[in-house]
Each structure stands twice: as structure tokens, then as C-alpha cells.
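Listed next: structures, encoded as C-alpha cells.
The two complexes that follow have chain A in common; it is paired with chain B in the first and with chain C in the second.
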Partner chain A sequence: MLLGRIREARLARVKWSGIALWAILALLVIIPVTVFLLAAISPRLLHLSSQWFTFGSITAAFQGYTGEGLFNSVWVSTTVAILATSGATAIAWLVQRTNMLGGRVIGALMWVLLLIPTWIMTIGWTNLIQPGELATALGFNTSGLYNLFYGPGGIVLILTTAALPFCYFVVSAGLRGLGSEFEDAARVHGSSTRRMLQTVLPIIAPALLSAFAIAFAESISDFGVAFTLGLNTHFPMATFTLFNAITENPANFSVAAVIAGVLILCTVPPIYFQSRVVRGRSYQVLSGRTRSVRRYQFRPLTRWLVSIALFAVLLLVILGPLVAAIATSFTRTISFETTSGIHWSLMSYQSVFNPPPSIRPLGGGLWTSNQLGFFVASGTVVLAYVLARRLSATTGGWSQRLADVFLLGSVAIPGVVLGVGYILFYNQAFLANHVINLYQTMPLLVMGLTASAIPGQSRLLVGPVSQIQSSLSEAARVHGASKWRTWKSTSLPILSRTLTWAWVLTFTKTIAELAVAQMLLVPGREPVSVLIETTLGGVFAPIGTAATVLVLVEMIGVILVCLTIYRFFTPKGWRRIGELSRSE
Partner chain B sequence: MSSPATHVQLSGVSKTFGAKLALNGIHLDITPGQFAVLLGPSGSGKTTLLRILAGIERPSSGRIQFGSLMVVAPGQFLPPEKRRLAMVFQDYALWPHMTVARNVAFPLDNSTSTKLDRKSRVVDLLRRVGIEHLSERYPNELSGGEQQRVALARALAADVGLILFDEPLSNLDADRRESLRIEIATLARESGATVVYITHDQSEAFALADVVGVLNHGDLVQWGSPEAIYRSPATPFVARFTGLAGELPVRVHRVAEGRAAIQFNSPSESVEMIDCPSNCNSVGDATMFVRPAAVSLTSESGVNRISVAVEDSAFIGRGYEHVVTFDGGRRFTKIFSASRFARGTRAFVEINPDAVFIMKEVE
Partner chain C sequence: MTNTPKTTRRGFGLRSTAAVLGVVASVVSLSIVNAGATPVSHSTPVVQLELYSAQGYDSYVVNAFNASHSTIHVTLNDNSTGTLLTQIAAEQASGHPVWNMMWADGATWAAQFDKARWSVKNILPSGVNFNSAGIANLPFDRSFVPTGVTVTGGLCSDTVATNGSTPSTFAQLVNMSRGALGMNNPSLSGPTFPLIAGEMAHLQGLPSSTTANIAPGSVAKAIAKGKAFLLALKANGLQVHNTNGPTLGAMESNPATLQAATIQTSACYGDIAAGYWPTGAVTYLDYSVALPSTIAVSTNVSKAQLAAAKTFVGYVLSVTGQQAMQDGDPQGDGLFWPVITGVNPEAGLPAYSSTKAYAINPYVWGPLQSSIDAWFTANVIN
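The block that comes next holds the complex of A and B.
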């Protein structure tokens, strides 16, 4: 009887806000993706063919060009995940647990790397090492290197550098929480360095598995490299073959749906395994008390050599492509260096705003992307924060479990899958004719971009949100603060820096996003990433590169403006939180 | 002008977490101005009860009344901010982005007093808890004891009729615990508020409380003055949790008017009949629960003295505490003697029959 009353009380307390949240997530992600996946086995349901039920598309998807794309995506993503996790672990260990120089700069460089989309990285590397480009002008013969780059090697390189910051932040957090007492305990009980590592590394196994899962999911769902380097080198990747299946004539949505399903399924094992490991065992090494971490002390010469080597690699990976892209944008020729020398010019920049008749003005695209960025970033931060709060709640209710499953699942959904899902669902006659016609409208593009940004941002926010002791807000409530005042005076100040970064990151990622933008663009109001992509690989490549540089400059500008506003318009106590966590 | 102390009444308060029953129909009546301590081990439900009083948790059933204000009843739940109470948290719960002064001033933000009055009240409170010189510091720049003083000042700042303390001393070292315990007792009583304080430390509970409630597995097993609980524990659990030297199995031969004639079960321990206070209503096997104060160590045999082997002795300043083993293998601890009995020697434990309790486990 008591339990019966309790159940009633619980049902009565089902919050409308929770229902609203799930309704939004259903419209943004769950329904469009489910509808798209249904097309794999029941194309008639979506008026795509006459068959109610078929396995024919599944067979077709694993053959020929599409089959090759799936195979390539799996092995490339596995390789990338292994490389990125091990590389990030090494860098994180050097920064967190040794006396190497410039740890903070490494962290900043990781943020820079996080901001650069893969297609811009591809343009940069091509501008750097393609024969006739910057490296040639500097006297290097890069034809051998370029042959390595122009194919799976380049794809692995770019995807690894793109996944590196995700892995770095995850592993760093694990290492930060790992007090040196574990190492000390192993050592005082007679362990060699090797045995000590064997003992201690499993403690951060969840962080390593998280890093692997994130790197794998990010790589297998990437569209930027697949659509640029993959397409040009005739190395099919699944996200491109999916895109190709729906853009070719006639479109084959069923095969595209099978590819989408396989992509999502591929990411399930690593994410599920990681999730099981984290849940099954308690690895909580973080507490309110700061543990003192003893750093491994390199000798002075080794310390300098290690620091210089790490900086050299990171600067080459980050600055090399960027400098090459910038240099190329100041020429008016397809190659940086021609037989008649280098022709410096601002013509490409002028052409961004006053282009030749055959291409669209990129300035308008930039403005469209900024508008999109603003709305998507604002909506994403709000929704991601709400989701992160549900995920980090200690009550473990149905909403939390659902949110957990949703985020695990949606991490694995490539942007291109979301895009096709939107096309299929929001273009359905019953919806377009009788409810609302969103197809090829800006609101639909905003929804699609928001949906693709939410999983990543929620993941990013879960850590900081869950680190806030519930007693901080409880203390405010029992001392007379309303819910709103409690949030405003406790959670907001503590999370302000993280939320600012989440907004900035989503804004910049939205400007550079290619997959959803390509699928859901509104004719005549194309985002800048789509416009740039149409200029690449031809005579207008310098204009596209100049536009790319402008996009990057704008991204940096937005970051600086946001951080300046934060620096000068927030109370001192708010800023201390971020400074404290950085110094720990 | 202080708020009047709150009369706290709980009636049939239960709480479940999934299938686990955390609180089982708790009834309590804490009179205005009383310092009530809820004592219990981990998992006994004391924290849940305190959080329910604060409004942080919702009870599954039952009623809670603060004076004439019904805070919990079927279909009714008053949120924490409307309950007019203050709380000191185990982990201090100081807001890291606020200075000490801002933390303490937080509960005053809703008051109608002027800014100047609020400021002078903060200064006064910080002076009372001895940290006025730290007012512009941030919490991470303070020691644990200083942080807990800020939390105490914040609770007192609210000037409410009920103050809750959630194991406030558990994160502090022994010296700081002692000094802060005295400050809590003094300042909380000065405030005139009703206090509900939870702890798992019986010495802390007895030192602070006007009234103690002992909780076990979600049940309030005893409610009374510290003296009553120490001298007349209601159950074996209360006896054990409030400090024993040890236990001995006995056989009850006669019971009458709260006393029993008992004999030790093991022939090697004693064959004498002892007359002592008892909770038993029937003859048969039972357990003798012995407080440290009910036993002493001597080198000579005699009435109510049992031969033991001295296993360990520890110097505690005013004398020695010993660990002894009976011939049957049972062990007694914390047996005080002004002089030291060497390890491995034989001695006699003298039991004061009027200071032991005879209880059966099932009762």
C-alpha cells in the first residue's frame, strides 16, 4: 500500500518540462533518424518504392562501391581511434604528469585544433604539400609525401588530428583526477616502471575507452574529409557513399538507410563497452579535495628536448596547413608557385565578395552562416545543459536512463544521416501539407544543425555539471533562494566559463559544418561552407581558400570577442572558478 | 528581533528509494528551542530524515509540521526556501565564486533590512565565529575549520527558528572538532533556535544534545535524554552503538521488577549468581552488555571478578586503557585503570552489576 502511494506520488511529479524536452528531442533526432532507418527494410512506408518489406537493399549496400565505402570507414576509423587515443594519452601524460614546459599552451593548441573542421584541414594540407604549393616554394620536394597523403594516409592523418583534442581532454581529465598515491603505492610495493604503469593505467581505463569511443564515432561520422579528400582520391568512405546514394539519379534512399544503420551500429560496440565498464566498476577518483600530483622530473636537457619536439609536431600539424591556406589565399593562381613564380594578390579576397558570374557571392553565405551559428549555438547550449543535468543527476530515474541511451545512440549518428532523415521525414506529404511545411526552410536547417551539435555539447557539459556538488544548490534553497535564484546565484556562475566555451564552440562548428548544411540548405541562402566547397578543386580554388581564411579569422574574432566580454562583464568570483580548475 | 524557535512535529514519516525502505514511519516531537541530535550508523536514515526536514527530499508518506505551518502532508509539500530554516552541510557547501562575506550575507538577501544593517550583521557574525579577518577571502583560501565557521555563520545569519546540522564536524581533525563543537553548542543555543543535528559519533551526540534520537535501519529505536539513553538503552543495538566495553552470554534464572538473577554461561568465566538490572521479561539465554565505566581491572580475585588475560594496554594520559580476553575467548576493550597491567599477564575484571544491561537479542 505504501509502495502504491509512492508510485502515485511519482507519477504526479512527472515534470512537464521533461515531457517537453523529450518532445523536442524526438522531433530533432529520434523521429527523423528512425524514419530514415525504416527505409532500409520498408521503402513503401515512405513512398520510395512499391515494396513493403525487403532485404534487397541490405545486400546491395554491402556490394561494390558502397560496400567498399563501409569497409574503408570501419578500418580507417579503428586506426584513427587507436592512433588518436595513444597519441593523446602520451601528450596528456607529458602535460599533466611531467615537468615539461608550456602545458597551458598545449591545452590552447588543442582548443585551436578542435575548432578547425576537417575540410579546412584538408584544404590546408593540400595547399601545403601538393607539388607546386607552399612546401615546393620553400624548396622541399614533397611529391613522395603527397602520394602518401593523397589517399587513405591523408584521411587517417586528418581524422587523427581532428580526434586528438577530444581524446586529449578526456584522458587529461582522467589523469588529473588520478592522485600520485596510486603510483607511489605501486612503487613502494616494489613495482618496476613497467609494472607500475600496468597497475595504474587500468584505473584510467574508462577515460581511455571513452577517448577511443569518441575518436571512433567522430571519425566514422565525418563528412568533411570523405567529401573532399576521399572523393578526390577515389577512396570511398561510407558517409560519402550515403550522400552519393541519395544525390545520384535515381536516388536510392533504401541503400542510404542501410549504410546509415551500419554506421550507427558500428559505433555501438565501443560506446556500449565503454559505458558498461564505467557503470560496472567505480573509478571515482575525483573528490572535492585537490590531490597533490607529483610530476615526473625530466632532466633539464631532456625537458627542453621533449617540449620542443612536442611543440614542433603540434605546430606542424596545426600551423602548417593554416599557414599554407593563408599563403595560397594571397595568390591569384591555382597553384601557389607557377612557372613564372609566385603571384601575390588580394584578388581572391576581392572575389569573395565580388565573385565571377559563375559562382555565388561568398559574403552572403558568411552572413547566413553567422545567423545560423547564433541560433544553433544558443539553442544547443540550452538543450545540452538540460540534458547534461539529467545525465549527471544522482537519482537515476527513467528520464536519466533514457537520456543516457539517447546520447549514446545519437553520438553515433553522422550529420549526413540526420540530414537525410530530415529530408525524408519533414518532406512527408502528411506533414508538409497538413501540419507544417519546413522542407528547404531556415528553421529546418537550424533544427538539423542543432540536432547534430547537441550530443557532442551534452557530452562536453556532463563533466562540469556533474562536478557541482548538489549541496551547493541545496544550501541556496534552504537559505531562502527560489529555484531561479538558486540557479542564477550558484550553477550559472560556476558553469559560466564552460557555457561560454560551449556556445563559442557550437557557433564556430556550425559555421564550418558541411554535412547537414549540404543536405538541408535553402536554395539562394547557402551557408558559406557549402559555397566554399563548390569552389574547391577548380579554377576558383584560390577564392575558396580566401573565403576559408576569412571564415577562420571570423571564428577567432568571435572567440576573442566572447572571451573579452566574459573577462570584462562577469564578476571576479565567476572567473575564479575557471582559473582554479585550470590551475589544478 | 529573533524568529521564535520552531516546534517540529513528524508523524509517520516514511521514505523509500526504489525497493529500499530508508525511513519507516518516524514520529518525532521536538519542542521549541530544543537541541535534538539524531544518532545512527551509516545507512540508518538520519541524513534522509534531515534532508526531508530541509525539504531537499520528499517523504514517501507522513506529515511534518513546523509550529502551525504544515510543511508536508498528503498532496502538500513546502519547498525548502519557504520553510524558514538554515542548514550547515557536511561538505560546508560554500559557494566557491563568493567571498566569505557574500556567502554569509546570502540568506539576508531576502530580508527587508537595509544594506548597512545587513553588512553590520555579517561583520558581527563573522566576529562571533572568529573569522572577521577573512571576510574578503574565497572559500578555497580557507582551512576546513574556517570553512565550517563560515557555514555556521551563514546558518546563523538567516535568523530562523530551526537550524539543521548535517554531520558538520566529520571532515575536521580532532582538535578542530572539539573547539567547533563547543562553538556550535554555544552559538546555536544563543540563537534560541530549535536545532536538529545528526551525527554517528555518540560522544558528540551526548555532549551536544538536550535530547537524542537513535536511528537504525530507518527506525527510530529510542528517543530520550543522553543520560537515559546511556543508562537505559532500549535495545541491544542502542547499547552497542552508544559504547560498550564488551558483551558476555549469560543465563537468566529469575526476573522480577526490572532486575534479573543471572549466571555466566561459560563455567570458566564465573559460577556466581549476579543480581542486576534487566530488560528481560523471561528466563533463559541472554546477553550482558557492559559499559566501559561498569568494569575495572584489578590484580586480586573477589566477588563479581572474573579472571582474564591482558592482551594490550594503551597510555591515554590520565591512565591506561586495556584490552582483555576471557578464558572463553571473549574480548573486552577500553577497560580503564590508573596503573598499567603488562601485556600477557593475568588480572581480574570487576563488573559493577548495577551498571550493566541484560537483554535478549530478539527483544
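The block that comes next holds the complex of A and C.
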């Protein structure tokens, strides 16, 4: 009797929710990636060689070309993280805290930038500045610029533009929740602008550090840019050397596992730094009563100059390559301008809807991708929110620290590693024959895509979640509200906009995702990204470009629908929280 | 605290929305979960085969085959060659290979499968009438079979840029005007390693054969001569692009940044036939390198599946199958030279003999690919 009660009491103390969460994460990320990483030291486990234990692959990975790739990846990612975080903070401040013109348009431009995968951006830049392409047709000599672009300069540029919107949304969310009373207080006490910034910026430290960490991890795991810009200039990046090791014939999973392990370890310093800064301090400034801000008023001339300069940079960076890619899709030649002139044509778009026999219709792939996007986005937002809450808790134990390390480390896992890890684990003979055969099924593909999305989205949500004052939920609980009702009436209204963004972002990123989709696709139900990739690689590249443009249009359509639903279906009060009052 | 009528309506609205979303999610869930299920009932004696293929015509051929064979159903995993090889390597490492047949350009991957004992030998069905191109690319143990031949290392050029004057031998390529010649990167472009291996083997005078045993010393000499040749090209401004697409784009642009390139000629024929490149031309030097498309069958198949796989191979190596390959991608991979008698290549392709195709032994050169690619990356790429 007594023992039974003791057992019951012990069971009651167990945090089942935490166990369930870790079980899900284990199945999604930890076990498949660990199985892949084991290839580094025990190739026999995976039938790769006769050695049960060896350090040979570790030595090989740090030599010559692969070693150079690791070094390049670290310094490039650090540079990108610094540039993207500082650039995004400056833009967010201009948009949210000053009277500059066109703030809403900048938000929209950031969305456009966020939507475009780095490989499409790279194609766009190439379509713009490669000799014979759009800039040449417009009369510019771009030979020098083109050579500069194919190397570290181009890689840093593309990765910074890719990381910029991530950082912008994270920092914006931080700034939006920050009333102007802190700036006012600093100014009332006679602070200069610099001193005022020194006072205010630390308050949004969680957001800034989140932005830095995400930019670093996203850059170090990016493959598209390293693949297209780094190789031909003898500037290897780690993700490319990893890809090379995996696609060698026979595949060298052991060296690839070492490189993947190093990439994951590279994220430890940013996590550690972030944890040290955030832990034990409170950044809870966001509440239902956050007041509207007072904007810094530029003088008319300065206001115009600042606005024009910012728009010029953003338009060049975003619309330049996009317009070049779109323009190219309206020609029927591989090169924009040929020796016989520019051949404008709708042929590529017609071919998308009425494809030649070797190209499968876009519609089926798009439907599959939309289904995947729906499930992956929904699952990811729920899990990412739960993880973000754990990460932002001020009294976290080992579980929180572990989640911290795990999540950012996971951002740095290239998609191809996740894909191969999934095959290595979920296609194990024992599992497949006696437990469940998931390989080449849609559920496994959803799992893989969710696993690749969760780490980034969790990081994105940590900033906003950590700024919610606990007094809100405490007040609700004191008044007798259940946990669910407390969450629904306090956190949900404040985070509704952020969660909507996270859902839409995951949805669109899932449609564009390639590496995991290629590895885990269900034969006969290929996602649209795989269909496009196979088309881009062949003689029908112009059709692939046209299909890419159409997919981008579809993504923008989904975003508009979601934001419209948000606007019409949410209470007015939800939308007002943290919003700026333009009248001020 | 009681709900006001307004909040009650809101509550009902949210619930209704949630209910609708729930129903939609359930419907989509069912369709997504069922997607992985095999569309065949157990009562029908249909043999299932999973074909991994990177060929442009594969879906057309598979549909034609399935339509004409009621007792066999081939499911297609259509992906890039690199991805398929990675999937297969991972499946083999997991101990549960799912692939049944693999079909892609080149023979080096197929030779490696044979050496690793991933593929079964003697898959050639009886009654296939190979022509000389087919026989030249058939391995002694029939662990894979050629299904068509393209060549790499023909000279694609823009007639405006070259003014109609092009070299006639590989040796003359080093005398072209500086920066005029291009090629692809062997780490990224599948047909480029066979080209480099072919250049090395030809410079050493190794026999044109897929089966000849070659002394290691001769291979080492061939590699040394080939490296010297590539470095001479580099000294003359050789431009290396990733794959066929960018290389062709550099020749087709105005101004052309490349005059000519040694690449897979079917890609050039494709651009010319599609109307993308009206000033393009293909000429052949003193030799080109044969690049067969090959098919291999996994050792992890049942007897029924092996028989079905041989039926599929037999279909591909029939007149109907070869024509289906041509019809399935007439401006792309369909521009190959058939490997059986009685089928003509597509219009626009010259006689196979005019390509002076040179065959390399995939068992000798396949294992050298990683080290030669690495050397190329470190020493030839700009």
C-alpha cells in the first residue's frame, strides 16, 4: 500500500511532457544524426569497412582540401553573422523607430528575400552579371564584377542577404515589444544617441544573439552557395567537401560524418555565448500593455536620403537577381543575349503546363509540396514553440541546456546529412522488417522535413517568447484559469503574429527544400523542388527557371492568403499588441 | 464572469474554424499517409520492381513497359545520378537495400557495384542483337549492360566565335587562342571524368576496351601524361564551368566568353535541335570517349524479381524499347546511338563511326576517380 503510494508520488513527479518531447526529438533528429556520425569512428557498424574503431577518417577530414573547406566555412559564417545581425538591426531600427518612408514595403521586401532559396538567388545573380546576361544586354561591362562574385566576396554577399531577413524578423520582434519608455528614460537623463543605444540594445540581447546564432548556423550549413560559387574559384567550403565525400563512388560516409560533426561543434561557441548572456537575467519587457513608441524624427531632407539609400541597396540586392531570373525565363535561350539577339518567348511557361515527354507536369509536384508544407509547418510551429519556451525559461536545468546545445547544433546539420541519416536508421533491416517500414513513405518525408525546420524556427521564436512577462500567466492562473485557458488568453494573443509568420515561413521553406526531399522522396510523388532541380540540370533549364518563377508566385499567394486569414479571423486586440502607432 | 454574446460568437467561430481545419487535415493526412502504400493487392501475381534512374526518358519508357506487361509493375525513382548513388550507398549500409535496378549514364558506377557485390551478374537476357557500339561496352561478366551510347569529348563550338576554324585533334587544343576553350568540372559533371580518363588512356596508347587488363605501370604513365596535357590546357587559359548548362551558356552568349568546349555532344545536339543555339556546331577530333548508359540489377532481389528485371532489360534492348528511349526525350538523353541492330539514331546525329569513340575500362578507371577529381580541383580549376 505504502509502496504503491510512493511509486505513485514518484510517477507524479516525473515530467512526462519533457520525456515525450525528448522522445520526439530523438526520433526526428538525434538518433538519425547520431547513427550517421558513428560512421566517423566505427565504419563497421554501417557495413562500410572492416574496422570497428578508427580515427583515420578524422585525420583525413582535416587534411588538404577538406581541412581548407572547414576553415573557410568558419570565417565566412562568422563574417556573415556579424554583417547580417548588424545590418538587420540598423534596418529594423530605421523602420520601427524613425519616420523613414516605406517601412511596410521594407517588411514586404524582407519576406521576398526570405522566400528565395540561396540557390535561386545565386542563379539570379549569375543571370544578372555573367557576361552575356541581363547587365550586358543593358550595356554594362560586368567581367570584373563577375570574377569578384565567384569567390569569397560573392559567397559572403549571398549568405548575408539570405540571413538578413531571419535576423530582421527576430530583431524586429524584439524591438516591437520594446516600448519607447526605455529610450525616453535614457534621453531624459541626458544620454547621447550612442549612449541611448548602449542602454536599449542590451534589452533586446536575446533577439540579437538569436539573430547572430541563426545567421552563423544557417550559413555554415548552406550548401547551394558553396556549390555554385565556391568551387570554380578554388574556394572550398565544408558543406561542399561533405557533399563530395557523400557522392563519391563509393560514398565516403566516414569522412562526411567527421565534417558534419565539426560543423555541429562549430555552433557550440555561439550557443555558449548566448546562454551565458541570457541565463539568469530577465528580458521580459513584452506584455499586453506595451505602449506605442515615439519615433525619431529625421529632418525632411535626411528622411528622404536615408529612405532612398536603404531602398536602393535592398532593391539592388533583392530585385536585381530576381528580375534577372524572371527576365531569363521569358527567353527561349540558355543565355539571355545570344549572337543572334534576345529571343523573347513564352515557350518556357507554355512548356511548364504542356511539358515535353521527359518532364513531369508541375501540378502533381506542387500539390505534394503543399501537402508536405501544411503538415511540416503545423508540426514545426507546435514543437518549435514548446522548445522556445524551454530555452527561454530562466530557471532551466540540464534539459534546457541540452536543448540549447541540441537545437543550434541541429541548425548546422546540412540537409543531406539528415537525409542519409534517416536512411541509415529508418531503413535498418530490423526496423524495416520487424517494426515499421517507413523508408520512401510520406510520413518519413514529413518527419525529415520537420526535423530540418524545427531548429531554425525554435531559434526564431526564442526571442519573442523570452520577452513575455510571466506576470501575465500568473495573473490568469491566480484568477482560476486552466493552463490551456491561460495560454490562450495571454501568450497566444501576444505571439499570434509571430506564430503566423513562423507557420508561413516553414511552409514556404518546405516547398523550396531540396536536400532532404531528394533523399527521402516517395517514388512517383516527387516534391516540386526535386522536379525543378532535375529540369534545371538539363537541356530544358529555361523551363526549370519558368517553373521556379511560378512556384515563387504560388508561395507569395499562400502568404497573402494566410495573412488575410490572420487579419480577418483574429480579434482586433491581437493585431494591436506591439504594433506601432503611425500617428505618433 | 459570463461570456458576452460577442465573445460567444467568436468562440463558435473559432471552434467552427478549428473543426473545418481538422476535417481538412484529416483528409490530407489520409492521402499523405496512404501515399507510401503499394498500389497492388496481394491476390494479383504482379511482380514489383523499383527502378532508380537518372535518364530523361525513364518515365516514358517505364510507362510504356508497364502498359505492355501486365504481370510486372515498375516503380520509378527519378533523381539525379549523384543522389541515387548516395541513396543506394546508404541503403546498402543500412543492410536493407530497397533498389532493384539502377539506370544511369557511365559505366564506372556499375563496375563499382559489381566489385562491391551489390549487383547481380549475367543479367543479359537471350536474343539481344547488339551492334558494334553495344558489344564494345559490354562487360565480360554481364553485371551491367549498355542501353545506349553517347560520346563525350567532341568539340562543341559557336561558329560565329570560332569563325569556322576549329582544331582537328586533341593535341591542337593547346594551340587555340588563349581562354577560348572550356570544359566541365569532373567533380560535378558526370560525363567529365570519363573524358579525362579517356584522354589519359589515349595519350598512353592503351587499347580501346572495356575489358582489357592493363598493367598498373601503364595506368600510372597514362595519368602522368594526362595531367601534363591538362596543365598545358590550363596554361593556355582553359575555362572550367560546373556542368554542361553553364559551359553551353558561355558559348551561346553575346559576347561569347568561350569559343569551344570538349563536353558531352548530346547536350550540344540538344541545344541546337531545341533552337536555343542556331550558331552552334559539333565536330569530332581524332577521338572522343564513349559514354554508355548502363543498367544494373541488385543482388537483393527475389527470383521472380530477377526474372522480371531481365524482362525489363530485354525490353530496353529491343527495337520497341530503344525507340521509346528516343521518343521519351527527343531533345535530351534521347540523342544517343542505339546499341542494337535495326534501330537508327535520331535525325541530326552523324554515324557512330564518325565519332571515333574510344572506350575505357570502367573497372580500371572507376576506382581512380576520387583521386583524379581531387587533383583536377587543386591544380586545374582557376
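One rule holds in what follows: the second predicted complex is superposed on the first by the 402 of 584 C-alpha atoms of A that agree within 3 Å, B and C clash if a C-alpha of one lies under 4 Å from a C-alpha of the other, contacts with A are read in each partner's own complex, and residues count from 1 in each chain.
In this text, a residue touches a chain if its C-beta (ideal position, glycine included) is under 8 Å from a C-beta of that chain, and two chains touch if they have at least 3 such contacts.
Everything numeric here is computed off the predicted structure, so don't read it as measured data.
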| item | value |
| --- | --- |
| Partner chain(s) touched by A:190 [first = chain B, second = chain C, both, neither] | neither |
| Touching partner for A:482 - first (chain B), second (chain C), both, neither | first |
| First, second, both or neither for A:571, with chain B first and chain C second | both |
| Touching partner for A:300 - first (chain B), second (chain C), both, neither | neither |
| Which superposed partner A:139 touches (first chain B, second chain C, both, neither) | neither |
| Touching partner for A:519 - first (chain B), second (chain C), both, neither | second |
| First, second, both or neither for A:246, with chain B first and chain C second | second |
| Of chain B and chain C, the chain that contacts the larger number of chain A residues | C |
| Contacts of A:469 with chain B and chain C, given as first, second, both or neither | first |
| Doubly contacted residues of chain A, that is, touched by chain B and again by chain C | 571 |
| Chain A contact footprint on chain B (complex, rising order) | 14, 16, 51, 54-56, 58, 60-61, 79-81, 83-87, 89-91, 93-99, 102, 106-107, 109-110, 138, 140, 154-155, 158, 164 |
| For the chain A and chain B complex, residues of the former touching the latter | 2-3, 5-6, 9, 13, 288, 469, 471-472, 474-483, 486, 489-490, 493-494, 571, 573-574, 576-577, 580 |
| Residues of chain C defined as touching chain A within the complex | 10, 13, 17, 25, 28-29, 31-33, 35-37, 50, 56-57, 59-60, 75-80, 82-83, 85-87, 89-96, 98, 108-109, 112, 116, 158, 160-161, 185, 187-188, 240-243, 245, 248-250, 252-257, 267, 270-271, 274-279, 327-334, 366, 369-370, 374, 377-378, 381-382 |
| Interface residues, chain A side, partner chain C - complex | 39, 46-48, 64-65, 130-133, 136, 227-228, 231-234, 236, 244, 246-253, 332-341, 356-358, 360, 371-372, 374-375, 378, 416, 420, 423-425, 427-429, 432-433, 438-444, 446, 518-519, 521-526, 530, 533-534, 536-542, 569, 571 |
